[in-house]
Amino acid sequence: MIFAIMAMILLPLAMALLLLSPALRPVVVRGLGLAPLPALLLAAAACGGSVSAFTFPGAWRYVLDQPGALMLGACALLWIIAGFAASTWLAGRGGRGRFALWWLLTLSGSLGVFVAGDVVSFYALYALASLPAYGLIAFDGGEAERRAGRVTIAAALIGEGLILAALVLLVVHAPGQGLAITPLVAALPSSPYCGVIVALVVIGFGLKIGLAPLHGWMPMSYAAGPLVATAVLSGATSKAGLIGLIRFLPLGEAMPVAGGIILAAGLISALYGALLGLTQTNPRSVLAYSSISQLGQMAAVLGAGLAAGAREAGVIVAFYAVYHVLIKGGLFLMLGTQGRRIAAWQLGLAGFAALGFAGLPFTGGALGKLAFKDLTASGATSMLFSLAAVGSTVLVLHFLRLVRAAAQDPKPQLLSPAAWIAAVIAATPLQWSLFAAVTGASANSALRPEVLFDLAWPVAAGAALGWALAAAGTQLPQLPPGDIGARLIAALERQAGRLASAVVRAETQAHQWPVSTLTLAAALILFVALQTVFGPR
Amino acid sequence: MSPVLLFWLAGSGLIGLSVYGLIVNPHPLCKLLALNLLGSGVFLLFGVIARRGASAGLGGDPVPQALVITGIVVAFSATAIAVALLLRLHSEAGEASIDEEEDGQP
Amino acid sequence: MADLFTILAVTAGAVLFLAGTVGLLRFPGTLARLHALTKVDNLGLGLVVLGLMPQMGLLAAAKMLAVWLLVQFSGAIVTQILARSARGEGER
Amino acid sequence: METAFDIVLALLLLGVGGWSVIARNMMTAVIVFIAYGLLLSLAWVRLHAIDVSLTEAAIGSGATGLLMVIAAHKVAGDTKRVVQLSRGFHALAAVFAALVAIGIAALAFVLPGEPVSLAAPVLARLPESGLGNPVAGVLFVFRSFDTLLEKVVLLLALTGVWALARDEDWGGVPGLRLFPERHSVLGLLARTLPPIGFVFAIYMTWAGADVPGGAFQGGTVLAAMWILVMVAGVRKAPRVSSPLLRLAIVTGPVVFLLIGFLGFLTPGAFLAYPEGFAKPLIVAMEIALTLSIAVILGLLIAGPPKGEDAP
Amino acid sequence: MMPLQALAVTETTPGGALLVLGIVMTAVALVGLIGLGGRGARAIVIAALLFQLYVSVRVALMVAGTQSPLAYVVGGFHPPLGITLRADGISALMMVVSAAIFLGAAAFAWKDFAQPKGKPESRASLIFWTALLAMASALNLLFTSSDLFNLYVGIELLTFAAIPVAAIKGGADTLRAALRYLLFAVFGSMLYLFGIVLLYGAYGTLDISGLAAQLQPNAATLTAAGFVTVGLLAKTALFPFHLWLPPAHAGAPAAGSAVLSALVVKGSLFLLMRLWFDTFPTLREPADMQLLALFGALAVIVGSITALRQQRLKLLVAYSTVAQIGYMFFVFTLAPKDAGALIAETAWTGAWTQVVAHAFAKAGMFLAAGLAAEVLGHDRIRDLGGLSSRAPLVVLAFALSGLSLMGLPPSGGFNAKFMLLVAALAEGHWAWGAVIIAGGMLAGAYVFGVLARMMAEPAAGASLKAVGHGRQWIALGLSAVAVLMGLLPLEPIAFLAIGRAL
C-alpha cells in the first residue's frame, strides 16, 4: 500500500519529467488517463472505513482514512475519465506537452492531498493541486483567460499564505507533537490561539471552495480555459479545500461558536450561490455558482458537525462530495461536447444527475442529502437546507434551459460525449454501494416513503418555482460572473497595481545614491542611539 | 590640549566632512575623493589610538601603525580600480555619472 | 656664532617663503605665479638648508644639501613644464 | 609651541580637507587633496608614526593624487548633474554628517580610561625576528598573513584595472600619455632622476628592517621613477602580456608564498620563520616585494592597456 | 596601561593547516594564473577549486567528527599579536557550499571563458578566472578568520574580486553599476574599519574570541558595534542599501552573477552574523535587532514587489536576491539572547538553511536565466515564450529554484521559512511572521509570472538558439540541491551549533 501511495504521487510527476523528451511526449499525452490508476486501487482498498498510516523517513506521513479514500476514489475516477478525454482532445493540438505538464502536476497534488498525513506534505501537495492550475486555465487563451488564471493563482497564493500561518501556529503551540496532523489537531482546542487558527483555516480553505464572499474568483476561473481542465478543477481540485477543512477542524471536539459561524457562512454561501447563479447567462458560470452553493452546503454540514462535536461529519461530507466530484466534472465535460447536438435523452440524463444536487430521490445526491440529515435535523437549519435544495433545483433548471438554448459554440472544444456520460452514470451506483459503509444504515432506508417525501418536496417546489418564473417570463438582472466578488477582485487588482507602483517608485527613490548614503548615515546614528539608550549598562 | 585629543577631534571632523561630501557631491570623482578623505580620517583616528598606546619606550603602538599602512594600500587599490572604472565609463558614456537617468533599462 | 648664523639664515628663508606664498596667491597669471614660486624653491629653501647645516653632523648636512639639489633640479624642470603648458593652452 | 603647531596643523587639516570636499572645480579639489595628504603626513609625524607618514606621503598623497589628477584632467568636462539636490537635502546631509562627527568626537572623552597597547608584547618578541623596526615586525612577522593578503589585493586591483581594457586593446601597452609628443625637458628629468631614485628606493627597502621605511615605500619610489620615464616618453610601457612583466608582477607574492610554505616544513607553521633565518628571509622577501610593488603601482597608475596608436 | 586579560589561548588543532590551505591554495593559483599569462588557466582553476572542495569537505568531516572547531595559529603567533583561523560548524558548512557553487559556476563558464586557440591570452578569460579564484579565497578567509582586521582585508578582497566580474562586459550601464558597487562598498568597509579602530582602542585586541571574553557595554563598544554593523549592511546590500546590487548582478556574465548573488553577498552577511552571535552576543538589544529585522522586512516586501515589476529576467532575479537577503535578517531578532534554547536554535537553523538554500537556488536561477538569454538572444520577460520547447531543462531549473524561493515544500527555502516562521510566531513577532508569509506569496507571483511566460508559444519571428546540455544540467543540479534540502528534518541541526555557545 505504501508503494501505491508513492506511485500515486510520483507517477504523474515522473510522467511530467518524461515530457522533457520530445520523443516520449506524445506517448505521455496519450497516457494521461492512466496516471491516476494507483489512486483508484488505493481508494478501493480503504473506503470501507479502515485507517492506515505510513511514516516515511523524515517526518513524511501519509494517512488513508475513510473521508480521504472516498474523495480520492471519486477524484481518481474523474481524473481518469477526463484524462482520456483530454488525450483525445489534445491529439494533434499545439502545445499539448505544456498542457499535459500542468495537468499531471495538478493531478499529483490533487490526489495526494487526500492522503497527506503531516502538515508539510499537506502543504506541499495542496500547493501542487492549486498553483499549476494557472497553466490549465490560461492554456491557449487570450488576455481574459490569462487574467482568470492570474486571479485564480492569486486566490490560491493568498489561501496558501493563510494556511501556512495556520499550520505553523498549530505546530508552535503543540510542542513536541511533531508534524503529523492528527495529534496537532487534537491539541488544537487547548491552544491559546485556537480561534485564530480556526479562522485562518476557514478563510484559507474557504477561498479554495469559494465560500461567499470569497467566491469571486471561481466563476471567472471556471468560465475560462478548456472545459476538460475546468471539469477536473471544479470536480476534483476544489475538494482539496474540503479535505483541508475536514483535516484541520477539530471535528471531534464540540466548538459551538466556531461551528455556528461556519454553518452560517456555509448556508449563506449555499443560498447566495443558488440565487446569484440565476443571474448568469453562461452555462459555465452557472455551474460555478452551483459549485459555490454545493460546497457551501458541505461547509455548513462541517460547521454543524463542529458545533455538535460530531466526528462523522467529515465522512458524511466526503460521501456527498463523491457525487459532486463526478457530476460537476461530468456536466463540465458535457458542455465540451456542444459542438455536436446534445440529444434530448442526454439532456434528460444530465438533468436527472444534476437534480441530485437538490436531492432528487433515487439519485446518488439524495443519499448524500440523507446522510446530512443526522447533523442538520434541527428546525431552522433543516429549513434552510431545504431552501438551498429549492434554490439548487431552480438553478439546475436554469442551467438546462441555457444549455438547450445555447447557440453553437464558435470555438467548439469537441470532447467525446462518452466521457461525461461515463462520469454521470458512475456516480449514482457508486453512492448507493457506499451508503451502508458510510452511514451504517441500509440503503433501503432511503426508499421509505416519508424519506422520499422529505427529499422530493424541495425539488418539486423548486421545479414549480422555476416553471413559474419561466412562464412569467421574469427577467432576472444579468450580473457579470463573480458579481460583487468580481468587483472586489477588480478593485483589489487596481489597488494592488497602485500599491506596487508606489512601492516601485519608492524603491527608485531609495536606490538613488544620495538617498541611500543618507539613509546609511541615518541608520548608523539611529543604531548607535538605540544601542546607547536601550543598551545594557 | 594634547595632540591625542586634538588629532582625534580633527579626525572626527574629517570623517564628518567626508560623509557630507560623499552624500551630496554629484561627480563620482568627488565621491572617490571624499572616500579617500574618509579613509584618511579613520586612519588618523587609528593613529591617535596608537599614539595613546605609547609605552615600552615606543612613541606609539606599532600594531595600529602597521594596520594603517595595510589600510592605506588597500584604500589605494580601491582608488586605482575606481579611477579606471570612472575613466572607462567616461569614454563609454561620454560622461562619468553613477546616477541612472531612468530606472530599469528598457 | 653658528646659532646666530642659523637664526639669520632660516629667518631670511622663512621671509622668502612668506613672500613667495603671498606672490603665489596674489599674482595674476600662471607665469607670474611661477616666478614667485621659483624664488621660494631656490633661495628660500637654500637659505633654510644653509642655516641648518652648522647645526648638524657632516652626513646630515650632506643629505640636506642633496635634498636642496634635487629640489633645484626638479623645480626647474617642473616650472618649465608648467610654463609651457600654460603658454600652450592658456589658463583653465 | 608644539601645541600651537598641533592646533594649527589640525585646523589646517580640517580646512584643507573641507576645501577639497566643497571645491567646485574638480581639478582644484584634487590638488587641494594632495596638499591635504602632505599635511596629513606631517600629522603622522606628530603622532610618532614615521612609517605611516612615509606611506601616506608616498601612497595616500602621491600615488593616489597622481591617479586623481589624471582622472580629473580627463573628466574635467563633466558638468551635467542628473540629480539636482534640494537645499533641504543638503542641510539634512550636513546635519547627519555633523551628528556622526560629533558622536565620534565625543568618544574621545569616553574611551575607556587606561590606554591599551601591544607595544610591549611586540617589543618582547621582536628580537626573535632580528628586525629593529617594530612596525616592520608587525607587518612581516606577527601579522604577515595580512601583508600577504594585501599583496593579493594589489594583484587583484591590477586585475580590476586591466579588466577595463577594451578587448581589441588587450595585450597592448597601458595608455599613460599626458603629452601629445615627447617632452624634451621632462625627458631630461626622466633620464637624470631615476638612477638617484633607484638608489634611494633600495636604501629605503634595506633600511626598512630597522628604521622607518620598507618594501612599500621603496616600491613606491621605484614606481614613481618608472612612471616618470613612461610619462616623459623615454621608454614605452611594456605590453601587459609581456612574460617579463608578468614575472616581475608575481615575483614578490611568489617569494612571500614560498617562504610561507617553508614555514610548514620548519618550524612547522605557515608563515613562521625558521629559527635564526628570519631576518635574511624577510629581507629577501622585501626585495622581491619592492620590485613587484613598484611594477604593480606603476601599472595601476598607468591604467588599462590601450591600443598602441590610440591618442 | 591596562594589563591584557589572560585569555583562553586557542591552539592549532589537528587538521588546522587545512584552513590555511583553503585560503592560500586559491591565492597560489591566482598568482600562477597571472604569472603564466593565461596558459592553462582553466586547468589551474579547476584544480584549485577541486582542491578547495576537498579541503572544505575534509574540514566539515573533521568538525563533525570531533564535534569541536578546527583552529590554526598563523605563524605560531597567538592573538592579540597574531592571527588565528578557526572553523566551527557554520564555517565548515559555508566552506563546502561555497566550494560546490564555485565548481558549478566554473564548469558553467568553462566554454565562455576559454582561451582562444593560437591567439594571445584573452582579457575576459584572465580577468574572470583570476577574479573567481580571488572570490573563492576571500570567502574562505571570511568564513574562517577570527581577526577583525584580517576580515577587513578579506571583505575588501572580496569586493575587489567582485568588481571585475560585474564590469567584465563593459557597457556603460555595467560600468556604472560596478562603480556604484565599488564606491558604496568602500564606504561600507570604511565604516566597518572605524568600528574596528574603536574596538582596538578599547580592548587592545582584534581577535573575535578575545573580544568576546572581555566585552563591556561601554559607549565605545556600542558605537563600534553600530559602525561595524552598518558598514556590513552596506556590503550586504540590505534594503535600502541595495542600490548597487540589481544592476551589478544583472550586468555580470551568468556564472559571475550566480557567484555574486549566491555567495558574495553572503560573505559580509556571514561576518555580521558571526559578530552579533559570537562577538557581541551580550550587546544584542531587542531595539537594535528589531531595526535590523525591520530593514529585512522592508527588503522582503519592497524587493519582491519590485521584482514583480521588472521587465528583464536578470533584473528580476537580482531583485529577488534583495528580497531573499531580507529573510536572513530576521534571525537577529528571532534568536534573542533570552529566548528558549529550542526556539533560538530553530531560528538559527532556519537562517542558515535560508542562506544555503538561497545560495543554491539563486545560483541555479541565475545560470538558468543566463541560458535563457542565450537561447532567446535577449532576456525580456515578455518574450520568453518558446523556451520550454527549446530548452526544457532550463525551465525546469528555473522552476526548481523558484520552488525554493517561494518556500514551497519540499525545498530548503520552505524549511528555512518554516523554521523562521515557527520562531516568529512562537515569540509573538506577528508582523515578521506576516512578512515571511507575504514574501513567499510575492515570490510565488513573480516566479509564476516568469514560468508562465517561459511556457508560452514563441513570439513570432523569434529565432531560438540551442545551448549545450552540460550547462543546463549544471543549472539544474544546483537548483536540485536547493530542493533536496527540503528532505532535511524540520528541526535544529546540531552541526550548526558546533563551536558556538548559543
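Each chain carries a letter (A, B, C, D and E) given by its place in the written order, and its residues are counted from 1.
Note that in this section a contact is a pair of C-beta atoms (placed from the backbone, for glycine too) under 8 Å apart; a residue touches a chain by one contact, two chains touch by 3 or more.
Everything quoted here is computed from the prediction, not taken from an experiment.
A.B. asks: So which chains count as neighbours of both chain B and chain C?
C.D. replies: Intersection of chain B and chain C contact lists gives D.
A.B. asks: Determine the chain that sits nearest the middle of the structure, using the mean of its CA atoms as its centre.
C.D. replies: Going by the distance between chain centres and the overall C-alpha centre, it is E.
A.B. asks: D-E versus B-E: which interface comes out with more C-beta contact pairs?
C.D. replies: Top pair by contacting C-beta pairs is D-E.
A.B. asks: If every chain is reduced to the average of its C-alpha atoms, which one ends up farthest from chain C?
C.D. replies: Using the mean of the C-alpha atoms as each chain's centre, the farthest one from chain C is A.
A.B. asks: Compute the centre of every chain as the mean of its C-alpha atoms, then state which one is farthest from the centre of chain D.
C.D. replies: Ranked by distance of C-alpha centres from chain D, the top chain is A.
A.B. asks: In whole angstrom, how far does the Cα centroid of chain C sit from the Cα centroid of chain E?
C.D. replies: A distance of 56 Å separates the two centres.
A.B. asks: Express in whole angstrom the distance between the two chain centres, defined as the mean CA positions of chain A and chain E.
C.D. replies: Distance between chain centres, rounded to whole Å: 41 Å.
A.B. asks: If you average the Cα atoms of chain A and of chain B to get two centres, how far apart are those centres in Å?
C.D. replies: For chain A versus chain B, the centre distance works out to 63 Å.
A.B. asks: Measuring centre to centre with CA averages, how many angstrom lie between chain A and chain D?
C.D. replies: 70
A.B. asks: Enumerate the residues of chain B that touch no fewer than two other chains.
C.D. replies: Within chain B, the residues that touch at least two other chains are 15, 19, 22-24, 31-32, 45, 49, 52-53, 55, 63, 67, 70, 74-75, 77-78, 81, 85-86, 88, 96-100.
A.B. asks: Could you say which residues in chain C touch two or more other chains, in rising order?
C.D. replies: Residues of chain C never touch two or more of the other chains.
A.B. asks: Give me the residue numbers in chain A that touch at least two other chains, ranges are fine.
C.D. replies: Within chain A, residues 504, 511-514, 517-518, 521, 524, 528 contact more than one other chain.
A.B. asks: Every touching chain pair, please?
C.D. replies: Every touching chain pair, ordered by label, is A-B, A-D, A-E, B-D, B-E, C-D, D-E.
A.B. asks: List the residues on chain D that touch chain C in their complex, please.
C.D. replies: Its residues touching chain C are 27, 76, 183, 185-186, 188-189, 192-193, 196.
A.B. asks: Where on chain A is chain E touching in the complex?
C.D. replies: 19-20, 58-59, 94-95, 97-98, 101, 120-121, 123-124, 127, 131, 134-135, 138, 146, 149, 153-154, 157-158, 160-161, 164-165, 168-169, 171-172, 175, 179, 499-501, 503-504, 506-507, 510-513, 515-517, 519-520, 523-524, 526-528, 530-537
A.B. asks: Give the list of chain B residues in touch with chain A in this complex.
C.D. replies: On the chain B side, the touching residues are 19, 22-24, 31, 98-99, 103.
A.B. asks: Under the stated contact criterion, what part of chain E meets chain B in this complex?
C.D. replies: Residue list for chain E touching chain B: 1, 80-81, 149, 152-153, 156, 159-160, 163, 167, 170-173, 175-176, 178-180, 182-183, 186-187, 190, 193-194, 197, 200-201, 204, 247, 310-312, 315.
A.B. asks: Mind pulling up the chain D residues that touch chain B in the complex?
C.D. replies: 2-3, 6-7, 10-11, 13-14, 17-18, 20-22, 26, 29-30, 33, 36-37, 40, 43-44, 46-49, 51-52, 55-56, 59-60, 63-64, 67-68, 70-72, 74-75, 77-78, 80-83, 85, 89-90, 93-94, 96-98, 100-102, 104-105, 107-108, 111, 115-120, 122-123, 134-135, 137-139, 142-143, 146-147, 150, 153-154, 156-157, 160-161, 164, 216, 300-301, 303-304
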